[in-house]
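Starting off with a structure, shown below.
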Amino acid sequence: MTARAVQRHAAMRSWPRLQLKAHPTLRLGLLVLFGMLAVAAWGTVALPGAGQQDLAQSFLPPLSPGHLLGTDQLGQDVLAWTSAGIWVGLEVSLAVVSISAVIGISVGLCAGYFGGIVDAVIMRVVDVCLSIPPLLVFVAAAALLRPSMPMLILLISAVAWLPYVRLVRSVVLVERERGYLLAARLSGATRRRLLFGHLLPAVSTPALVLGSLQAGYVLLWEAGLSFLGLGIRPPQHSLGYLIADGRETLSTAWWVVVFPGAALALLVLAAHLIGDGLRDLVQQDVEIIGR
Amino acid sequence: MSTLADLAGLESGEHEAARRYGRYIGWRLAQGLLVVAGAVVVSFLITNLSGNPGQVIGGSFLSPQQRQQIIDQLGYNRPVLQRLGSYLAGAAHGDFGTSYQTGEPALRVVLTALPNTVLLIGCAIALAVVVAVPVAMLSVLRRGSAGDRSSRVVMMLAGALPDFWIAIILVRLLSVNLSWLPAIGFTSPQSLIMPTLALALPLIPAFVRLLRGALLDVVGQDFVTVLRSKGFRDRFIVAHQALRNAMVPFVTLLAMQIGWLLGGTIIVEVIFAWPGIGSVINNAVQARDVAVIQAAVVVVACGYVLLNLAADVVVTVIDPRVRSGARP
Amino acid sequence: MTVVASARNLSVDAARGRTWMRLVDPVDLDVHAGEVLGIVGESGAGKTLTTRAMVGLLPRGTRAGGEVTLAGRTFDARAIPREELGRTASVVLQNPLTGLNPLDRVGRQLTDGVVHLRLMSQAAAVQRATELLGRLGLTDAARVLRLYPHQLSGGMAQRVAIAAALMPRPRLVIVDEPTTALDANVRIEVLRLISELGREADSGVVMVSHDLALVSRFCQRVAIMYAGRIVEQAAASDLQATALHPYTRALLSCTVSTQARSRASVPVIPGAPPGPQDWPAGCVYAPRCPYAWDECTARRPAPVAAGDRDAACHLARLPNGSGSPDVTAGPAGRRGLPDA
């Protein structure tokens, strides 16, 4: 490494910036996300509360007056419920991603930075935990605990932090190979400055990519658990629960299943698009001229 | 070890390689056993998270007297550490407790249902691979074109669909409306079709993405340039050499994916009333049958370990570098 | 001497969004049988791209322009048939180990190309491979054929790569930076083998390198590339004696001779070559040229030819009729190129 490059790196590493113009995938993902948020906002604000039952209005098809997406067997408005479900899903998703990212990144930084026995122990634990499919854990645990949103968030986070460890650890190992960490240390940087000023920014973008992809999976897991009755239940609203609700009467009222499912799929799609878009953003362009 | 190698007719340099490889396999086996042991512990933890499982066993299906009877019968009235000890001891020779519902050993309940799930997963994976391989190859050959980019968005949409949602819709369309296929249970080979489709559909985009990434990595390597200079067409290279090389990382990832599916078929099996592990787990969960839940967690973990070992073996067959102990 | 391969108006562009950016300006090249042509230039000068364009092996996202003639048949540079390439040309890459597929045995990788193109039978191919390896110094060829690439040493891998290149009896062999990945002992050996290649098989060899001294020693003709253009072409001996282009002169003076006794600092050309997006309107070397004058920044110099050499410089002037080129001053009042 040239002297100038070492110097540049030894100064605080800058945080990554986002540029939207050249990335259609990212734009599309954000577009879908904001579209869903707009629908959900309108559904919550413009309509009476979800879960309001009115048996006189049960099984109304979509485009009925006052019920754009129809009603279910108890007269509950599908749009209102779907909107509430979107919020709940996003809440759970964001909470899980935040918690698991914080835990996972911390553990990963420790494993990568301290190395040695700490690293070995952490990786063994992670390997064991990763060998058990998460859905199984959720189902088993959710059954034995009282289902509620905080518990669900903690449960999913308990599994979701694992991939961060592997990712962060490998990034740290790569960064350690480069000379600038040693240079910074020699020029007197404290350990905390190394961790927060150099490694954390380096790790932030891959972690962000992973986080958005995970957000999609969390949405699916939450919906699946709620579908089985083990997740979020009324008075809170989940897309999964609504789909289960409508399953019995699928032949007469298809809209109770199709709309929440479509909303869920679009949210997950947005998460994947954003994740992919971020990943494209992060990768250096491979110049043909350069090496 | 050296006698075996002599018998195999290996030269002296290859003795050392065989020994290194043997050590590698041994280490992988040890890791696997460690994982299984960990899974046993985790299974105990899960069921004891909210206190003594005896309090929840049976759920709402049992009256308090019945529950107390079962607690005494199955030993849930003992202190935690004692239960942990006897659980671990039992696990060491395959005893994971008894299902309170049927009185059968929990392990047997799980293992009886296992083949059905394996069959279902096998079909789903086979279907997904058969579809994903040509799609991934095409995507690599036509990368950058408008068609490729739009097909990737379509793939992403397909991957975002929840599998239980697809399952429900499939049932409605193919079974209720059109009466083509049986909706529930495992009554005939046709019963396989819908559950397989429901499982495979979200898998295909994931496989395409994995394989495409692996293929792109290979295609960017120098030896592909050399192959082109020898006169091989791009189509031929991707379908033959590149695919073989891409199989190495793909097989490893595939094994992990299958392992995850072992426990992930729960919802689809419930919807189709498929008599596999998923249904058993769901049933056990609804009835709070603690022993069966524990056994299921361990069986699934074992399956995961076995699959990863199988993947290692396959990689060995494909990649000669692993055979001589030089890890790629 | 027969020409085995030539390029006319060969250019390379890279896709940038909706437009194309020029990476290699139109170049003309001839490769003769039994001769080694060296292409020399700094990283990014376009040497590799030029050779790839000559055989239709450009990477995705780039396109070629102009015409290429291989073994007597002329093709549009955009559409060189892959089979033609396989039969008449070969490429030897910089790092011989990465040029081999790690999953296949060496023998298979030597024979697969020629068998696929039906140039010879499997048995004949194996025999030829054994023969070539033997001539390249690997006497236990039968054992080597059964090895996998990761079992080869660097020197062995380089010989295998050369053997693979020679299998189809190509008329043109392109060798990339042939010695960067090897240690010194093997280097001389490999270079010697390469220079014999051309003579033996009556093929033409193109050697791409950044090392002018090395190229001058092992090549008969040299082409100097700078920022996507060929600035000078000449016989290697002529180049040593009298370089016409200022860049060539600068390169020659930068070469540190092993006999140099003085501790004077190594001369360096100040500045750096411009990237393709920064090519100036006139002569591309003008910003760094100590002899540049107005004409140089205004107008691109066309190659001035004399006999079998040419140089793209306004200041390279040739007298009428006389055999050797003569570098004289420009129009009255301007500085000219001092004698070499």
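Observations, loosely collected:
By written order: A, B and C. Residues from 1 in each chain.
Just so it is clear, a residue touches a chain if its C-beta (ideal position, glycine included) is under 8 Å from a C-beta of that chain, and two chains touch if they have at least 3 such contacts.
Note that the coordinates shown come from a computational prediction; the quantities given were computed from them, not determined experimentally.
A count of contacting C-beta pairs for A-B and for B-C identifies A-B as the more extensively joined pair. Each chain's centre was taken as the mean of its CA atoms, and the one lying most distant from chain A is C.
Mean C-alpha position of chain B lies 52 Å from that of chain C. The distance from the centre of chain A to the centre of chain B, with each centre set as the mean of the Cα atoms, comes to 23 Å. With touch defined as above, residues shared between interfaces to two or more other chains in chain C number as follows: 61. Counting partner chains per residue, chain A shows two or more touched chains at no residue at all.
Chain contacts: chain B has no residue touching two or more partner chains. Taken in their complex, chain C has these residues touching chain B: 55, 57, 60-61, 82-83, 85-87, 89-91, 93, 95, 98-104, 112-113, 116-117, 148, 150-151, 161, 164, 168.
For chain A in complex with chain B, the residues that touch the partner chain are 25, 28, 124-125, 127-129, 131-137, 139-146, 216, 220, 223-224, 227-228, 230, 240, 243, 247, 250-251, 254, 257-258, 261, 264-266, 268-269, 271-273, 276.
Chain B contributes residues 31, 34-35, 38-39, 42, 46-47, 49-50, 53, 56, 153, 156-157, 159-162, 164-165, 168-169, 171-172, 176-177, 259-264, 266-267, 270-271, 281-282, 285-286, 288, 290, 293, 296-297, 300-301, 304-305 to its touches with chain A in the complex. Remark: chain B residues 143-144, 221-223, 225-233, 241, 244-245, 318-321, 324, 326, 328 touch chain C in the complex.
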